[in-house]
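You will see chain A twice below: alongside chain B first, and alongside chain C after that.
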Partner chain A sequence: MDQLLALVVAVPLLAAAAITGAGPLLGRRRRLLDAVAIAVAAAVAVMLVVIMVRTADGDEVYWFAGFRPFHGAAIGIDFEAGSLSAGLAALAAVLVTAAMTFSWRYFEQVATHYHTLMLTFLAGMVGFCLTGDIFDLFVWFELMGVSAYALTAYRPEEGGPIQGALNFAITNSVGAYLSLSGIALIYGRTGALNMAQIGVYIDRHPPDRLVVVAFVLIISGLLIKSAIVPFHFWLADAHAVAPTPVCVLFSGVMVELGLYGIARVYWSMFGQALGHRAAISHTFVALGVLTAVAGALFCFRERHIKRLLAFSTISHAGMFLTGIGLLTPLGLAGAAVYVIGHGLVKAALFLCTGIVLHRLGSVNETWLHGRGRHLRVTGVVFTLAGLGLADLPPFATFLGKGYVDASSWAHGLPWVLPVFIACTILAGGAVLRVAGGVFYGLGDAPSEDPEMAEMASEETTETVSGRDRTPLTMIIPPAVLVAAAIAFGLITRLGQVAQAAAIRFQDQAGYNATVLAGAHILHPVAAAAAEPTGITVSDVAAGTGSAVGAIALALAALYWRRLPVLRRGYEPGTGLTAAIQRFQSGVVNDYVAWIVLGLACVGGALAFAIT
Partner chain B sequence: MTPGQRRAMFLIGGAGLVAFVVWGLLGLPGFGHYPGPYGFIINRFALRQTHATGTVSAVNFDYRGFDTVGEEFILFAAAAGVATVLRTLRGERERSPADQAADRDAPPTSGAVRMAALMFTGPLVVMGWWLTSHAQTNPSGGFQGGVVLATAFIMVYLAGEFLVFERFSPVDVTDAVEAVGAGGFAAVGVAALGFGLAYLTNFLPKGQVYGSVSSSGTIALISFFVGMEVAAAFILIVVELLDQTLLIRGGG
Partner chain C sequence: MTYFPFIVVAWILAVGLYGIVTSRHLVHQIICLIVVQSSTYVLLLGVGYVTGAVAPYYWDITVHTPAVDPVVQALALTDVVVEAAVTALLCSVAIQAHKRFGTLDPQELATMRG
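On to the complex of A and B.
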């Protein structure tokens, strides 16, 4: 029997326990802990890549404790691995490996619990990706959440981290309770927790109100986790205060896992039963576009580099949700490729920001202007990653975004393309503006907005700052990640493979048969027609255009004060700053009020559309 | 946002959400209409398959044992999180609380409280241990037993002093016990792999007698490890919290 599917969760859990137990015994030889933790994360990554490659021609199912389904009813818990789920889990493991390698020299003193929490976080993410059981999904969701809250508050010396972690924990726990209520409702209706079995059961009956409410409640926790507007407020607060290596995981993969959860839940349980594909698609696309636009606008206005990157993640989450919400194979495939490309470059950007913090002791763009000139390698890596974020070919981001745009174009939503190009230019432009100002000293420092400066100066004691050399363990991970993002985009037939995986993922009947009857599905049935994945000249033009636009916007933002026609001291977007502060108040009560209002709207819209 | 605006927004949204959820709840099956099939299958097979008369434990530690590993590690991560947030920080040092009132003695714990606490300690240990070790015969198990065991330690704190309590449960030892508990559960799962079975398969002999303490294979073993982990995690959390409140900390 092949045990790889169990080992990818069991190994990090065992290692977490072993590190906690052995940590105090090691005394000074703590480096051993770092080495063990990195080795475990890397081993998990390798195992997951093997699973990903192996499942290209058919999903694999693993029944824990050996309890196979009994006449179509699941008794135990299963893992169901396909290329998409294993690929996302592999991304998580790769980013954990990179973050831990980076942490080797980053922290002044790493407590044992840091490794423990990183490994439980990893186990939670992997379990969440692979599970085929809705309650098990919730368990791993919670393990991921609890580890993440604790890691956010890793530097409790200051008020900020505790505040950010509390906002994160409260909003996400509210979501978790709602999700659990939804799971209880669906169990009350079906007497089952296995997703395939639930899907079969509710598909036999006409869609009713209980199923609609259960669906909305289950995805509410996932919408909050994936920072979809108006459920996104916690994200920037948590990113601003979490240690930079932890931000890598939050932005690079945790937010995306929330979206994956929505896709998994929809295509394994509710897709066929709910019907009304158009209404559901429109709801998700509307949420996605709103999120993409809001995130991009806030991103451009930000001066705190970590918050800036966090808002860019929100903008991208909106684009991913749009890709998934199209409910087409190419849309989902595009989102998957985009998630991987984005995860790699965003992680590199955060790691470079960590180097800046390590060397210069600040993440305030205004203060840093021109001060990073001597960080040449870091500057090059950061700039390349910024171009990747702006969808420059041949980064994998370019392919993924191109597929999402192409699929929305072909399905009667041509306006998505220009809107997303604008979002990419705004978010990419903001990152490239940071690159040009901090690492090359181009143009003028942006004027100091007192409130923004206050937010940006919170960063102090995360790392020993003011070192005069960048350790290799800190610069190699981001460089490798950027190279991987390019290499991934150069794989020929990547689009075809991703679309095939997406078709498999969306084939609910095939999924059910694989899980409950042990079938090996050779030819999954596409939920919607497959679309061409070739790269056309207009795709390349759109990607290059986004990148050129982002560069132009960045240069404009750096140099426009030198234009004689403009009054000095005028800063565009001051109104936006006020808006950010009004919405992003840092008061968790506001955030919860937004969550409740948002859910009422989403629920109302779906209830109205489906019944 | 002003508190008034927030309240208005929450009330509007809350009313909408409540209306939506209630609308859905009205679609639940009537009371007593269990749709099955999970409960029926478990009731029919659990005793024969696991030799455990505690069917709830059979589900927790055997059929859905993999969920329970995750749940146990949620508590484990939470305890690690508490220890992280409340750790003694750079620039902080600890002093004994006695320094604060040098001119007078700390008020002694009243004899009645001491007696009551001591009276409870023994029974609590027995009860905690009984709950932890009887998962297979009734709906008890390591989660409940572990909490009761931790309470026995907290009785020591009530009966005596915090410093005595801390000597009973030093953080490093509690950490180690917790790690063995959590790791032990995960390791029982891995042990099954050695027999070519799926992770967490109940690979031990299940005994001849239904519902005896020695029956049901790995269920008893897992429950024992869970009890260890839960007791240690709760003691750890209490020690950290008391540390934070009772020891004086400050810079310099």
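On to the complex of A and C.
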């Protein structure tokens, strides 16, 4: 045990405070602050990678102020790092570094509070990943949330950001309070806040309805954060208006953190005791598949590029939830690999969208059609990232998706594979349609939706547009991220390592012993049998098929007007658009109503399944 | 152990959520969010009041002194701090909304749809 686990949150928090204090004093030499902030984020990323590598053979625990457990009772607050949690935190730090490097030239003048908020956001995400205390999980959740709400409203003088930030803040706060209610109930029952100790207590006493209610309440807040249908409405609004570098973090890692929280809560506290694995698994898989399909459909009809990417994130969040919800080591490992691959390519896509906004002053796909031809490098990076999103081998995404599919196939859910391929084709096809239309001028411009055009034009003041060349600090981060996504997919032992980490993560008894007794678990007990992680022909075929399907769909979407059969002013999907607008109303009242309804349904389903 | 605090909690939570869903004024809506959060205070304090309980940690009291659980009070205090931050932020956004649009009705503020 050493101090590194504490440093990864202490350093960004202290740096954020120092930057806030030093900002007004520095006057015109403000670039120094930018450099310090980027260096801090990069240092945190390095530290987290070190922790991730070091914990491959056993989790590490850090007790703040040295309050170690006394006779198996936790009296202090701990950080618990395993490869999965440290890896996710490292992804967050890498994306923060990339986003802040991008922001160097993106904003006309970067305000001091932007760095402060980014660093507190980073600290919140890292703390959320590492904490071993359920109340601290709530506190980090809120720190992450408050920083994110403030970053969404970074430009409060406009209409969109106000609406987006309000919807985001109110829905996520309601979620946080539901989680807190669950935490209070579980504390009342167990008298403990340490997750390992709660897990031990629940395991020894037969769980009753109160424990089930607490479980449902805790995960409901996390489901809202991870934008699972029907809790997803805030996400598209927040993404459409937040500054593009901030979207990188929302899509690339914040949504995934909600899912990580569900996995952490389940496998450290409730997994052993609740039993009924099949019923819980089916509930999560059903939610995941519903989210994947809905997100992909919404994604394809979108013309606002940032919202399009946001809906693609919702679709992917559903696939991640399915991977976790299978409750198998390979499913969780697949979700982890998929999260990393998706985070890297989605970040690159958002950064390229930021470049388009910076150079051309719009994110409206219709208006941009053919106008991005001279952005050659950006076009190539965007297209590559789009192919990565469509699971083209060797991007890491195809491996993660392949594992989730393989595990669901082996556990009696063969229909998940074709459904997910269809979702990937839809979401990937939408992104490639943007790539082909904007950067290469292929086919015809998609039809204009007046409301969307108005929405997309609101974006123009985010950055100073109409620049002649793209600064290097803006194009290098996305290019590096795409290269990293490919490099990850080429690591030969990736699947094996990820599955070993997943087995460790799912071993509740091992987790409890590590935290409470300081045990070093060399051979964790697998919750379900480990599955082969070799790259099979079917993985490659499914990935390539998805990518080819996405390209075909993109071309069809660009050229269908030229088909002789369909010339007579036929516009598909107008009825669908109207129907979707009635759901996605943009009014927070409706969103909270959906949350209440969704909570009743999910809670009812889980309560019925478990008791 | 009585169920009364928990019934109060459920009532406050339901009232707050109802308020958020039906509100036509942002400030009212933010206050309803505070009401939702208030349910967690009552829940935390209700959980901490156990008849005949003793303090979990001893320092300057004898072992069997009856006490209210101090941990939940610390949690409730943290909860208050969180609420202060969220409310302040939401209020500042509401002020901006009023400056920019001259309205605080969430339905009129909603420019993005679909």
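Operating definition for what follows: the second predicted complex is superposed on the first by the 609 of 611 C-alpha atoms of A that agree within 3 Å, B and C clash if a C-alpha of one lies under 4 Å from a C-alpha of the other, contacts with A are read in each partner's own complex, and residues count from 1 in each chain.
Convention: a contact is a pair of C-beta atoms (placed from the backbone, for glycine too) under 8 Å apart; a residue touches a chain by one contact, two chains touch by 3 or more.
Here the structure is a predicted model, which means the values were calculated and not measured.
With both structures placed on the common chain, the touch criterion links A:174 to chain C but leaves chain B unconnected. Shared-chain residue A:63: touches chain B; no touch with chain C. In the superposition on chain A, A:150 contacts both chain B and chain C.
Judged by the touch definition given at the top, the superposed model places A:185 against both chain B and chain C. Looking at the shared chain after the overlay, A:116 reaches chain B, while chain C stays out of its contact range.
Applying the stated contact rule after C-alpha superposition, one finds that A:587 touches each of chain B and chain C. Once the two complexes are overlaid on the shared chain, A:596 sits against chain B and chain C alike. Touch criterion not met for A:130: it reaches neither chain B nor chain C. Legend: residue contacts after superposition of the two complexes on their common chain; A:142 is shown touching both chain B and chain C. More residues of chain A are touched by B (comparison of chain B with chain C). Judged by the document's definition of touching, chain A residues 75, 135, 139, 142, 146, 149-150, 153, 156-157, 162, 165, 181, 185, 188, 191, 193, 585, 587, 589-590, 592-593, 596 lie at the interface with chain B and also at the interface with chain C.
Contacts from chain B toward chain A in the complex involve residues 1, 6, 9-10, 12-17, 20-21, 23-29, 34-39, 41-42, 45, 62-67, 69-71, 73-74, 76-78, 80-87, 89-91, 172, 175-176, 178-180, 182-183, 186-187, 189-190, 192-193, 196-202.
Against chain C, in their complex, chain A makes its touches with residues 75, 135, 139, 142, 145-146, 149-150, 153, 156-160, 162-166, 169-170, 173-174, 176-177, 180-181, 184-185, 187-188, 191, 193, 237, 240-241, 449, 451-452, 454-455, 458, 577, 580-581, 584-590, 592-593, 596. By the touch criterion stated above, chain C contacts chain A in their complex at residues 9, 13, 17, 20-23, 26, 29, 33, 36-37, 39-40, 43-44, 47, 56-57, 71-72, 75, 78-79, 82, 85-86, 89-90, 92-94, 96-97, 100-101, 106-107, 109-114. In the complex of the two chains, the chain A residues touching chain B come out as 1, 3, 6-7, 10, 13-14, 16-18, 20-24, 62-67, 70, 73, 75-77, 109, 111, 113-114, 116-117, 120-121, 123-124, 127, 133, 135-136, 139-140, 142-143, 146-147, 149-150, 153-154, 156-157, 162, 165, 181, 185, 188-193, 208-214, 216-217, 582, 585, 587, 589-590, 592-594, 596-601, 603-604, 607.
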